[in-house]
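First the structure, then my questions, so here it is.
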Amino acid sequence: MARSDGRQDDELREIRITRGFQEWPAGSVLVEFGKTKVLCAASVTDGVPRWRTGSGLGWVTAEYAMLPSATNTRSDRESVKGRVGGRTHEISRLIGRSLRACIDLAALGENTIQLDCDVLQADGGTRTAAITGGYVALADAVTWLGAAGLLADPQPLSCSVSAVSVGVVDGRVRLDLPYEEDSRAEVDMNVVATDTGTLIEVQGTGEGATFARSTLDKMLDVALAGCAKINELQTAALAQPYPYELPTPSPKGKK
Amino acid sequence: MARSDGRQDDELREIRITRGFQEWPAGSVLVEFGKTKVLCAASVTDGVPRWRTGSGLGWVTAEYAMLPSATNTRSDRESVKGRVGGRTHEISRLIGRSLRACIDLAALGENTIQLDCDVLQADGGTRTAAITGGYVALADAVTWLGAAGLLADPQPLSCSVSAVSVGVVDGRVRLDLPYEEDSRAEVDMNVVATDTGTLIEVQGTGEGATFARSTLDKMLDVALAGCAKINELQTAALAQPYPYELPTPSPKGKK
Amino acid sequence: MARSDGRQDDELREIRITRGFQEWPAGSVLVEFGKTKVLCAASVTDGVPRWRTGSGLGWVTAEYAMLPSATNTRSDRESVKGRVGGRTHEISRLIGRSLRACIDLAALGENTIQLDCDVLQADGGTRTAAITGGYVALADAVTWLGAAGLLADPQPLSCSVSAVSVGVVDGRVRLDLPYEEDSRAEVDMNVVATDTGTLIEVQGTGEGATFARSTLDKMLDVALAGCAKINELQTAALAQPYPYELPTPSPKGKK
Amino acid sequence: MARSDGRQDDELREIRITRGFQEWPAGSVLVEFGKTKVLCAASVTDGVPRWRTGSGLGWVTAEYAMLPSATNTRSDRESVKGRVGGRTHEISRLIGRSLRACIDLAALGENTIQLDCDVLQADGGTRTAAITGGYVALADAVTWLGAAGLLADPQPLSCSVSAVSVGVVDGRVRLDLPYEEDSRAEVDMNVVATDTGTLIEVQGTGEGATFARSTLDKMLDVALAGCAKINELQTAALAQPYPYELPTPSPKGKK
Amino acid sequence: MARSDGRQDDELREIRITRGFQEWPAGSVLVEFGKTKVLCAASVTDGVPRWRTGSGLGWVTAEYAMLPSATNTRSDRESVKGRVGGRTHEISRLIGRSLRACIDLAALGENTIQLDCDVLQADGGTRTAAITGGYVALADAVTWLGAAGLLADPQPLSCSVSAVSVGVVDGRVRLDLPYEEDSRAEVDMNVVATDTGTLIEVQGTGEGATFARSTLDKMLDVALAGCAKINELQTAALAQPYPYELPTPSPKGKK
Amino acid sequence: MARSDGRQDDELREIRITRGFQEWPAGSVLVEFGKTKVLCAASVTDGVPRWRTGSGLGWVTAEYAMLPSATNTRSDRESVKGRVGGRTHEISRLIGRSLRACIDLAALGENTIQLDCDVLQADGGTRTAAITGGYVALADAVTWLGAAGLLADPQPLSCSVSAVSVGVVDGRVRLDLPYEEDSRAEVDMNVVATDTGTLIEVQGTGEGATFARSTLDKMLDVALAGCAKINELQTAALAQPYPYELPTPSPKGKK
């Protein structure tokens, strides 16, 4: 049974990574997985959250959100509802945790890199796109911090991070599900991996169904291969020059 | 004294209007006034707010918001703060009011057009850009409603709406202020006008200063000329074909 | 076509200004525009908001609110709803901005004057009444600060501030609209002016209609004449002695 | 040891009851206990809360609030804080409970009388003043309902309700404490009683101290005598004609 | 007319007090009044609320809450509703006030004892059970503070505190009402008393009815006798050894 | 390197399951994993959430919360903070999702089973304990529904559900981590499995570290063996009679 967009079961959608999308943040990346478009901005701010002050360590955190107009049926604005929903919280925490796994927070000094991942258009896989684009924006923010002379260690990134979704649809293990597949998947899994093939996060869920361990193994095979390809695209994107003018040492914060 | 971007006092920034920016809404317009970029989406929904139910009249409303990464210094997310700020409310109300002035709500039947104006990048004049782009998105949503056979009157739009800021900076009346000028303006005014030269809204404020009535008159001259030029750009943009596939009569809502 | 209360088109309602209405604030003024009654209190507090601390400058801010029982049909309490509505925010900001235009904030030192404008009874024009009464309460608070020896400059008020509404009703430009006229006005404008005839704020809105520039001009003529008369009443009220016992130099805050 | 305002220990402050204070509610009473001033409005609304719908019974409820400028030191606005404090809730519930004790809710049909007790000036005893004035406003609302032909039973009020504070200050049992006494009272008690001398509510609290049962008895003696005097003032106030024009049978709600 | 559980009118339900119910707090007591079960934990924290900092005085405060599953019909969770209800606030304040009456706050130094009273199962009288159990938990926290060398005075507790409900049901004064009686009581009263027979708090309410002063006197007789018996049970419970390992002098906080 | 509590790496803590802990819910289970104690209540309510009404399908949902006194250092109450935190939301969603995987929602008719999982004492693994105990409470609620004649299918549970945590601590894969191990684990994983050995949910996270796929495999081996043992304990607990009196057919809701 073929996929509606003609892809092979283990084939990614077309992925595009555009650096320097916005003017002001130290890193600003538009990442596209097919029709899914997420704007990932990395802003550098002096200081760290109160509970971390005085530790000498930096911090990386993330907030995920969706434009009301991003989804097929308009969704209500969380600011208007007056609270952030459970799903939003969960994804924000996942992105922050995933990106912190690749960085030496001591090297940042008491500075914070704040990732904002705003979904401009949603078609499945927004959280994995956000992690993938968020890593590139984070790398740009690190470059900026280095040029500004604010890093204790010149290379705080220990690995690169990419993520992809995988699931069981129509009884088949498929990679990088669009909304049409995601909404009827029997099993849904998100995998966050490094460029060395190690894992950062694995979240697999039976949707009103259970799954065999052999299915889990098959999904991991496909997802890890997908992450490896995504990592190549990240590397290629980061091979281009830093998209903004670099600061000279000792400014106090860009944004 | 020259403007820092080299413009004449009564000259607009470069304005670009891109229709069909997103996949799902009935109208989706990216509007750019120089570096200010606002995404204006118009979604059609069945039904109207509770207080209007049974009236036979439609409704047009707007929500304005800013991405945290849109501003020079990152701003906190209103969903996380748990409430919409006063400025946001004020601008949302202004946009809705301005667009309702040009449309016959009876012609919509009991349908709502919801405008979402999300600022992707801010450099002054975001509210006037939002009204300008919002009108184009609204016009597209009206086209969609017409094709779907949902309009009681085939042409519910009685005029077109554009908006621009004007202010007194360095003692001179200047049009379309970027952030650098806006932040030090002595007087700041927003003008919303129609293509027939009539006014919809005038909001002029002395910023820690007062201003003569003759200054008000001068600002209105400059703003109305600016609105006329913006209207030409809107007309040109809307002369292109509707950017999506049109519905056939009697569907129930696109988005 | 005559007005339902028999006034001329350019005639104000009866305006009364009562100083010393409450016991504790440094300024407390009951202002009445016909049946509209607003209690304007000016409280002096040590210190300024956090973002202003250390600047050496003072601050003037305002909060507007409506008693639930003030309106013809009882309105819900914003404290119970758990949030301040858009209209309330908008008016609070307008009052604060208008009053700051007439005062030298450096002269206050790091003290705050907090205006509370609570509508006891609403019959149109509550925001303009609040600005008008708020100015008188502010002047009393300044007198108190002066007696207390807390002013860097003995006369920080550079002008006086009054406000009035004007609109187009039944096709005629009319001054100081009561609720019955306001609710069916085609155009609605609020004008804040100084005793020297300059403008602080102009907010004109077509209510589901647009208006010609000549109408705007006419409305401004009528409003400025109204503001001049209101200013005379403010001056007369302030010609009476300060309604409380004055402090002696160097106390720390009255309220 | 004499009281600072010269009263006898068992003497009330001067109490004034002004009916018809506001224009729109069915009952609107300004009640003054010395410097304490509370505006009590009773609004009639069609229908009852959801949990009571279909019961055939009416409802009486109350909301208490304090203007920020009412207190000696300005207090923050609960609408701005985004939530109603514990003390406010507690007093609102007390007022509603006290007034429901005197009325036959079946006689109201499915209508609600909403009491709003807003403190304009606070000097101790605001809750007992609110109950005292609230009863008079309630009686006016009942008169209005009767004239409108909306009562199942022409006299739904079974008794009248008054309230007063009493406490131990300087070792002496004293009636109707102003703020200066209340803030240093060892024991504080509020008593709500009927015109037949029965009790509706008794709330006595040791403030960082305990008290003997004999003290409780003494406080009750003094409070009940005070309530009897207050009841005479209520009766006298209600002996005057209804302060508004009465409706004719079968309107739907005044406010 | 007999009580449904066979008790005499002035008889308590079976009361059980279990110390050391939880592992971590300095005091943790499960108190049972028949089927009513409340978990009372007393946690010691360094410091006091901001408004008390620098006073040298300690603080005792309480929070009361109900598990959703504690009641006969599941009640909604206040955290999910986003606000604490009026009844919850009222009871929290009552518990805190009652316990502060028996302790010398100066002896605590700038430490806070936080009581958490969580109702595991509700069958009437939860607030009086919470005060009764809260006192025992408080006594354990004081023992802990003393062992830790943090008390300025070795015995800061000046009396012990117990509480019980009493009411008029079926025309008879009855002690310690279960839910079945409480829900149809004509009068409901809570009494908080000390081991010396003095009163801390008396709250009596007619539930849609009024009551004679002689009824109040009768209820007090019965309640005070009940409190005396409860006090014996508290004393017996506290005669057992402290249920945890005691700290040695000068730690910084247990929990 | 030995575990501080002397267990083998693949050994569970002592697990106790107590049914019938509370009086009112259809299922009420206290589950203990060592010192971790979670009270899991299953309440049956008529009807389903609005978005599901009319579908003919039932619903199972869960809310997780922690008593403030449950943790080693007291945690703030979410009701007082006014919002449910991200971690709480995440766990509530996980529990609901896990339990829905084992039940045929069509068999419930339009009834809801609401799980409340309240942590009385926390020592690591609270979410897996909650799922384990939640399943037993759910099974009791299903028994109740069956006796009440409300099930369309007599056996709606298709499998049983248990959960356990596993992690890498001191370089070793260990089962069922207490807080002391959990807080310093390099990798942390929660596994939800059925009695047939299939998976419902797998969530593995590197805590500031990444992990090899072979480590994931090892953790799964250990966790699945643990789940099998926990399932035996659930089966044994459910082999006892239903702890309450069973309803007779056709009541409307127990709690």
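Labels for the chains are A, B, C, D, E and F, by order of writing; each one numbers its residues from 1.
Methods note: a residue touches a chain if its C-beta (ideal position, glycine included) is under 8 Å from a C-beta of that chain, and two chains touch if they have at least 3 such contacts.
For reference, the UniProt names are A, B, C, D, E, F = Ribonuclease PH.
Not measured: the values here are computed from a predicted model.
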Message: Out of E-F, A-B or B-C, find the interface that copies D-E, where copy means more than half of the contact pairs are identical.
response: B-C
- request: Please work out the Cα centroid separation of chain D and chain F, and write it as a whole number of Å.
  value: 50
Message: Between chain C and chain D, what distance separates the C-alpha centroids? Give it in angstrom.
response: 32
Query: Which chain D residues sit where two or more other chains touch them?
result: 82-84
- request: Can I get the ring sequence of chains, opening with chain B and turning toward chain C?
  value: B, C, D, E, F, A
Query: Within the complex, which stretch of chain D touches chain C?
result: 22-25, 28, 35, 39, 41, 43, 45, 63, 65, 67-74, 77-84, 88, 114, 116, 118, 120-121, 123, 255
- prompt: Which part of chain F faces chain A closely enough to touch in the complex?
  reply: 83-87, 89-90, 92-93, 97, 100-101, 159, 189, 194, 196-206, 208-213, 216, 220, 224
